[in-house]
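We call the chains A, B, C, D and E, going by the order they appear; numbering starts again at 1 in every chain.
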Amino acid sequence: ACSSDSSSASAPSSASSASADASASASDAPSASGSAAAPGAVGAGCNPTDLTTMAPKSLLLATSEPAFEPWMVDNDPTTGKGFESAVAYAVAEKLGYTKEQIFWMRVSFEAGTTPGPKPFDFDINQYSISAQRAEAVDFSSSYYDITQAVITVKGSSLEKASDLASLKGAKLGAMLGTTSLDAISASIDPTNKPAVFDDNTAGAAALQNGQIDGLVVDLPTAFYMTGAQLTDGIVIGQLPPTSTDTEQLGLILQKDSPLTKCVTAAVDALRADGTLASLADQWLAGSGAPVLK
Amino acid sequence: MSLLNVQALRKTFGANVILDNFDLAVDSHECVTLIGASGSGKSTLLRCINLLEIVDDGQIFLDGEDITDPSVDADTVRARVGIVFQAFNLFPHMSVLNNITLAPRRVHGVGKDQAEHEAMEMLDRVGLRSKASARPDSLSGGQQQRVAIARALVNKPILMLFDEVTSALDPELVGEVLAMMKDLKSDGMTMVIATHEMGFAQQVSDRVVFLEGGCVAESGPPEQVLVDPVDPRTQQFLKRIIDAGRL
Amino acid sequence: MSLLNVQALRKTFGANVILDNFDLAVDSHECVTLIGASGSGKSTLLRCINLLEIVDDGQIFLDGEDITDPSVDADTVRARVGIVFQAFNLFPHMSVLNNITLAPRRVHGVGKDQAEHEAMEMLDRVGLRSKASARPDSLSGGQQQRVAIARALVNKPILMLFDEVTSALDPELVGEVLAMMKDLKSDGMTMVIATHEMGFAQQVSDRVVFLEGGCVAESGPPEQVLVDPVDPRTQQFLKRIIDAGRL
Amino acid sequence: MSPDSHAWSPSKVALSRAAYRRSRARRSLVIAAVITVVVATVTVWGVLNSTGWPRFQKAFLNLSYGKKVFPDILNGLWLNIRLMLLCGVCIVILAMLVALMRNLRGPAFFPLRALATIYTDVFRGVPLILVLLLLGFGVPSLRIDWLPRDPLFWGCASLILVYGAYVSEVFRAGIESVHPSQRAAARSLGLSHGKMMRYVVVPQAVRRVMPPLLNDMVALQKDTGLLYVLGAVAYDAILRAKIATAQTFNYTPYVVAGILFILITIPLTRLTDFIARRQGWVSGGIV
Amino acid sequence: MSPDSHAWSPSKVALSRAAYRRSRARRSLVIAAVITVVVATVTVWGVLNSTGWPRFQKAFLNLSYGKKVFPDILNGLWLNIRLMLLCGVCIVILAMLVALMRNLRGPAFFPLRALATIYTDVFRGVPLILVLLLLGFGVPSLRIDWLPRDPLFWGCASLILVYGAYVSEVFRAGIESVHPSQRAAARSLGLSHGKMMRYVVVPQAVRRVMPPLLNDMVALQKDTGLLYVLGAVAYDAILRAKIATAQTFNYTPYVVAGILFILITIPLTRLTDFIARRQGWVSGGIV
């Protein structure tokens, strides 16, 4: 049999770095620390003593490897920097956990989506909520409403594009496993089939090389990529919502997890007290892109 | 009682009937030579006796035991019957010495030292002591066949089958092998030899058997079969051989 | 002028000197037989003449041309020199017919029909017309060697090398092959034959050459070399052969 | 040999031997059948009664969802097959050339041998993904005008280069397994080195390495989908399964793709087995 | 044979032949060198002067970044190697068992042969990713208590099952390439089927299929990183390169990983070549 060696992110080492970094991040994320409430603030049974987590009185959170900005800064979820890292800490603190009780592990996209027992308490990795997906996993309520956007670079045929019609004949790309791919067919219905990438790094390379004309990503990523990653990147605009519902991001938990109720309550509480909005303002740059018609 | 008794043997390859109602009895200590045209089934008969082919019909008794009975342990039978093939069948990935010690060590459980000691003695007898550590592919044809003979003999079988063992040997070594086989005979070895060497057959064998049409056309002492054959097919066969200057 | 002229040939395998200062001249229409102990270098000499080995020193002239000159086109030389090997070297993935027609079609550019026609005639001569479409592996040893001879002869070479071609043949067919080679000789074919068949050597060859210690120990007409040898080593070699009942 | 017309009816002893052999075969079949049934029953029972079965079934064996995605995935499989054929032909040609280069003898051919060796070492050594990235993103990023930019082109080129290195090793093994006496026999007939290779050595070599060769073709067929990494619009069966699964978190599409892959692999396997056997050794008896 | 002490000095003609051959070899070396230099110069010049070169260099050949990530990737490579060794041993054992099962003769062994054939067909046919998902996620989702849940365990099991199918075909090809007369010779000495296989057939078979076997081991070494899909987070060289690249959008880490993979593949290749050659045919002359 195969010996276990690096089967999971080693908890002790991430624990030490988590505590060190978390104390630093407390001052960077005032909203998170400000929202820290008394244990069990979100309802009965929702406190570290009553919750059945992977390990007693601690919370094991998961995200992808690597994690991308602006969702996590520097591929390090333990800092509280980046929107999802901050949200995760806020949710945990809402449930009454201290930073020292929070541990991180890395899992693949697939590991978040399978029906089996999950080795983590919840996974935060820009998973969009849908009824079909909810048959396999539990979602918390939404921590962010997201829209899709089209980006390009200077010199591309889409440089001056300003409406959906001008995108129709373009070569577009999107990342596998995101709703960006669905958004392309729903809103644009292009004549060329869209290119599919494993991650947005590859999409960016193809865009920069002129192998595709435009890349569809979620809006926060669009701003991040055009700002930090692409040379001469341009956000063309947001795509209109694909259906009547807006697209929402949720935390993923094991199907029928006993934690779901409490986590949802915590997210609801964070939304209600404005924490989510202020974290979004802090980490996710400008939402002011035109909606394409 | 005969050591080897082949009764009403039939062997076919597809529609090709090679042996048909074939009978042969070989007594202990007897040396029988099989002669016959190319394709007459000499090799096939020897392979049947060594259980390398499944016979279609008939029986083969070795030491009174019906070895064609499917419940018989073929490996035990084969360990008691040595065979040397027409084509060289040395194991190319082993040294000459290991070729010879393989069966003693792995079948008969002889220790490494003793097996190698015996193998070296056997190599002495075939004049190849110096090639003990050589690879078979680096030997000349004659040398290879001598190793194959040594490998079979070291197994101390109760019956030895030789399938044209001298055909690739240079004449000066045929004498050595002949002497070795005569030794074997006086030790009480029973032998069945397929050969085209009529001189050899004449000198070493107690009986010559002429195969034709899938069964025995003529059988008798070499003086009779080779010199004064009764069957017209034997006469014709021998005439061609004498024409070829081989007798 | 000699058709084949081997001068001061030297051939080694590593530290093993096989041929050393070896001289041999073969005239047109002459048939020379090489005899000698196993490992004396008969096969090696034939391989050198057919340019299958690079010689260390000395020269080989074929029809006046130095074929050891590295600027000579080896394929043209080989197409004019036929060789039949000691071990069966038929191509196992081709039918017997394709084995024989390969060289005429691919080297000499003969058309398919004519090549097959000639091949069938050649198969007639070796008595294997019925095996034309058989796979070599399904032939008996003798049958395989006869196909190999047919394959070499169909190439119409100016010099034929035979490396113990009869050692695997059954005696009744040796006569046929002998007759075929006599035919070839009267057609003017020049032949060099390595053999252990002294009777064969006596009947077919104009000259017998005895190899020993890497060079020619004795050379002369078969009546002299085989019956009344001068060199003591030849005498000893022949004595052993006579003891073995082969002469 | 006796005339074929000679009527033969098996003797009693032959009949009893045949009966014994049949009974042994039957016994082993029965034992195997019993073991299979028992193991299968226990496994199936255990699985069906496990707590997770309903969810497993829903996630991996969702029949109605499988039916829904089936046409789409079949469509993707057609792309796998076309790409495999296209790349496969190029790979076999390239690999054979490289293997032949490595097989050249004599100092005069040292540069060619060295070239072939370096090629094999490099492209067998590096991960496919690196070749894909370097050729698919790296080369177009040089912006050399006359070079194609199409990711499909560079993706296929990467597959051909990488698989070519693997397959060339397979061919080399085959070529070296042909006994030197075959080469000597061919050359002695006057065949040039090239003709010897073409008519004598390569046909025997290829036949011997059929199974590992098929291995590489089967693997290739599944790897053709990787072209999407470059953003090539290659919606092969696996990518389609991946997309469908990502939408629904239901893994049935993968299972559908897997079954389809098995279904096209099996006839390929049987065919190459048949070819290899037809041209292989005549059976050497029963051992 | 003449005594070795016999002094031999090459004749004039031998010397001139040797000189001619040397000059031919030298000429071909010179031609090759010139062609190489010209092609290399033109290529390098073309690349260096392409508009995209500075960007290419920065993105793929960033020396200082390469140096920075080198220790991390080397560390990951160590995981690849350990996983390859661990799985490799299991794969070779499993594959050999399957190949031996497929090689059994006679109707009595039909069930075993069938089992082995089905195994090969299925696991060679399906994409590795499906096996990984089914075993790594599917089996644990059944919640059968006594089965391990460790994703690393199931990941290795998947690799072993899939590669085992490929390698068993490689072994089978090797076993079938051994001439039946070798089997006859071994059995006639009284060796049982098993001993024949062990001492005579398998050693010759393995030697002949060394290159395709090494192919699979090299491929395995690069595929061990796929365990990542299961969330086993095997931080192998490729995943580390991917992480580093995602952070900086610089592909140099992939190049570093590629070079490291080549560096460990080359000695492996030379070693197996050496083994295969040492036990192979004695060279049959110059053809």
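Simple rule for what comes next: contacts are C-beta pairs under 8 Å (C-beta built on N, C-alpha and C of every residue); 3 or more make two chains touch, one makes a residue touch a chain.
Owing to the predicted nature of the structure, the values given are computational and were not obtained by experimental measurement.
Note on connectivity: the fewest steps through touching chains from subunit A to subunit C is 2. Looking at which two chains touch through the most C-beta pairs, you get D-E. With centres defined by CA atoms alone, the chain at the far end from subunit B is A. One finds 45 Å separating the Cα centroids of subunit B and subunit E. Subunit A and subunit E have centres, each the mean of its CA atoms, that are 39 Å apart. Per-chain CA centroids place subunit A at a distance of 81 Å from subunit B. Within subunit C, contacts with two or more other chains are made by residues 39, 47, 52, 87. Among the residues of subunit E, those touching two or more other chains are numbered 21, 24, 59, 133, 137-138, 141, 143, 181, 184, 186-187, 251, 281-282, 284-287.
The set of subunit A residues that touch two or more partner chains comprises 114-116, 205.
Of all possible chain pairings, those that touch are A-D, A-E, B-C, B-D, B-E, C-D, C-E, D-E.
The touching residues of subunit E, counted against subunit B in their complex, run 181-182, 184-192, 195, 199-200, 203-204, 207, 279, 281-282.
Interface residues of subunit D facing subunit A in the complex, by the touch rule stated above, are 52, 55-56, 58-60, 133, 137, 140-141, 149-151, 228-233, 235, 239, 242-243, 245-251.
Those residues of subunit B that touch subunit E in the complex are listed here as 47, 50, 52, 74-76, 78-83, 85, 87, 89-93, 102-103, 106-108, 135, 137-138, 151-152, 155. In the complex of the two chains, the subunit C residues touching subunit B come out as 36-39, 43, 86-88, 140-143, 164, 167-175, 178, 196-200, 202-203, 237, 240-241, 243-247. Residues of subunit B touching subunit D in their complex: 8, 10, 15-18, 20, 39, 41, 47, 52-54, 56-59, 68-71, 213-215.
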